[in-house]
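Letters A, B, C and D mark the chains as written, and numbering starts fresh at 1 in each.
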Amino acid sequence: MDRSRLEAFSDGVFAVAITLLALNFVVDGPVRGHNHLLHDLGLLWPSFLAYLVSFFMIGIIWVNHHVLVRAIRTVDRTLLFLNLVLLLFVVLIPFATSTVARYKLASTLDGRVSVAFYAAVFFGMSLGFSAIFEWTLHGERMHQPLPPEQHWPARIRFVSGGLVYLVAFGVALLNAVASFVIIAVVAVYYIFERTPPASTRAQGTDATLE
Amino acid sequence: MDRSRLEAFSDGVFAVAITLLALNFVVDGPVRGHNHLLHDLGLLWPSFLAYLVSFFMIGIIWVNHHVLVRAIRTVDRTLLFLNLVLLLFVVLIPFATSTVARYKLASTLDGRVSVAFYAAVFFGMSLGFSAIFEWTLHGERMHQPLPPEQHWPARIRFVSGGLVYLVAFGVALLNAVASFVIIAVVAVYYIFERTPPASTRAQGTDATLE
Amino acid sequence: MDRSRLEAFSDGVFAVAITLLALNFVVDGPVRGHNHLLHDLGLLWPSFLAYLVSFFMIGIIWVNHHVLVRAIRTVDRTLLFLNLVLLLFVVLIPFATSTVARYKLASTLDGRVSVAFYAAVFFGMSLGFSAIFEWTLHGERMHQPLPPEQHWPARIRFVSGGLVYLVAFGVALLNAVASFVIIAVVAVYYIFERTPPASTRAQGTDATLE
Amino acid sequence: MDRSRLEAFSDGVFAVAITLLALNFVVDGPVRGHNHLLHDLGLLWPSFLAYLVSFFMIGIIWVNHHVLVRAIRTVDRTLLFLNLVLLLFVVLIPFATSTVARYKLASTLDGRVSVAFYAAVFFGMSLGFSAIFEWTLHGERMHQPLPPEQHWPARIRFVSGGLVYLVAFGVALLNAVASFVIIAVVAVYYIFERTPPASTRAQGTDATLE
């Protein structure tokens, strides 16, 4: 089996999930009298903020998924199911996003729980990613297998990405805003940084993403 | 007609259906006072459980669809419509999942009916799959046609997969939890087992999915 | 521009529209007391019936779109927009379906209007299809252009397909059930019949879909 | 990285967004007595009008995205994220459309705000498009790079497209209908006109879309 249908299915899930993010936006309509729309749109600021961060998070996951999958030589049943684990958490992102938006990053227990749930979904996603990465390290599964001495450095870089979400989960229990800022900073960081496997391999031969 | 657009359309339907599963998750928001989100998320456990099983069931159907379709040499109008019958039931899975989640596997008549309906949808899906499989057995439709003496063993393996859902349907009328456990076990079984056509053919030449 | 992205986009729209059909299914949940689910599922019969017909209608449109588009040699801007006109009506099918289901094919004015609207959406879709077909008749747009003497017979077959929906629209104003039956019969007919352009060209050289 | 997965993901988002436009259509059902459906469908005219304009706007964005992306030689990380910025606004179109439909182009402040928001979403989309276009002007990123002396004329044509939405935004604050008409006219204009980059390059060698 070649990679194309794995990519097609995953891209479909990413595309639907990223578009469903916008279902969180609702205004109540003109039933409440005049001159309320501007106010209503203003009240949606937590939705717009959460939308912005989640949109780029899904976009980043898509880009990194892309980089990782195209370096794979053979697709087996194990990879398909590890990929499903990753997608299981991607599909939860719109729900987690709407929950964060609903509780408006408030300092209440509910506000903190909502961001903790949001961080937990990203942590689960990163576990799925790490499992796929671990799978790529063994056998003849990559076009250009990482040399064994680079396995541990690459693993550490990969896992440390996931640990940030664990930290954000812990911080959320204390402060919703601080936790959300951590996740937003991760998103901005990944927009400007290459992913570990891409940059690691780039040292050997050439940039995989040019 | 080559297989690519059949695959693209089917992958689209699988991707949308698997993502719509998450539309079942809703929390009521902060209108009911403070400190309820953790409680609300806890109340969603039947939704999370049904989501988990349905997500992997759709994932398995996708993988098996993949294995079956890529072994096909010629696509005709009959195959397109048998494929539609399969998708007809796949598209019902999110509704059946939300119905199961809503009745929380209760021992009431409603709880049992909800799981029976869930099992019935999977049984219909398996009939669609069996019809496609039967179609592949005739003429020059496969790249490597099964030898005739393997038709009946392969049919029996295929149909017995579908019979499990019929059993689950019957059990549901007596006990919702037991029926749901049967379906979940089928999902776990298929994650670790190859599909009949793949393993059968693998004996002849080579693994179709490796 | 090759056809592939036109097909990918159209397949995406077909896949989402066919999957959204199932959003019509909703049960009210256990709030209304025990032992109601079987009754509620029974009340959904108009939804299941409308789902079944619309599902196969979208499936047929997808198959015929497939047959028509793959015979096209060059894609230009005009074709892209004629294709959008077709999709404009395809995207309305889930709404039209839910409207029919909601009014349960009743003999009231509302029931008749709902089926008339349903027929009107299919008529608009068939106009979009006819426009694409007309576009294929001119210039060097097809791999195997129809000989001019076959233009009018092919047009008549194509338009007569669309006229059935116009008839169904008229009948709907008198009788909702009769009109719905006409549309369902068209769906069954197209499942077993090849589309005009495919069968016409098949006489010349070979089956386009086999 | 080749362009195919960028196109597949973008096409998925376009397809889902264009199909979600139809979720705005809802009729209340038969609970309000008889003979109301025709009236209810009539009340949906702002929804149908906004659907029509937004459907062709997304269709046009898709076509132009197509033309621009297929002229690209190398895909890098920057392009992927500029593409995400474009999609960020595309995904907001169904929400903006439903807001316009809800306030029915009324001359109230709410009606004007709703169209201003609609225009703002298209302006953001055009900024994303312009950023992608600017990216294509540098380095060896295109199959047939624009000669430097054509950069400024092409930029001016591109930016002037975006300025129309800024004008529509300003006009919306005075008159909702006038602003909506401007946007609708832009849609009609783009249906009949080639995009600037396509026509500019067409002067050099050949039509990029024929």
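Definition applied: a contact is a pair of C-beta atoms (placed from the backbone, for glycine too) under 8 Å apart; a residue touches a chain by one contact, two chains touch by 3 or more.
Everything numeric in this text was worked out from a predicted model, so none of it was measured.
Listing every chain that touches subunit A and subunit C alike gives B, D.
Of all residue numbers used at the contact between subunit B and subunit C, under half are used by both chains, marking a mostly different-residue interface.
Set against the Cα centre of subunit D, the chain with the most distant centre is B. For the pair subunit B and subunit D, the distance between C-alpha centroids works out to 37 Å. Rounded to a whole number, the gap between the C-alpha centres of subunit A and subunit D is 26 angstrom.
Residue positions of subunit D with contacts to 2 or more other chains are 8, 11-12, 15-16, 20. Listed in rising order, the residues of subunit C touching subunit B in the complex are 7-8, 11-12, 14-16, 18-23, 25-27, 29-30, 34-38, 41, 52, 55-56, 59, 62-63, 66-67, 70, 191, 194, 208-210. Interface residues of subunit B, counted against subunit C in their complex, comprise 1, 5, 8-9, 11-13, 15-17, 20, 74-77, 80-81, 84, 87-88, 91-92, 94-95, 99, 102-104, 106, 108-110, 113-114, 117.
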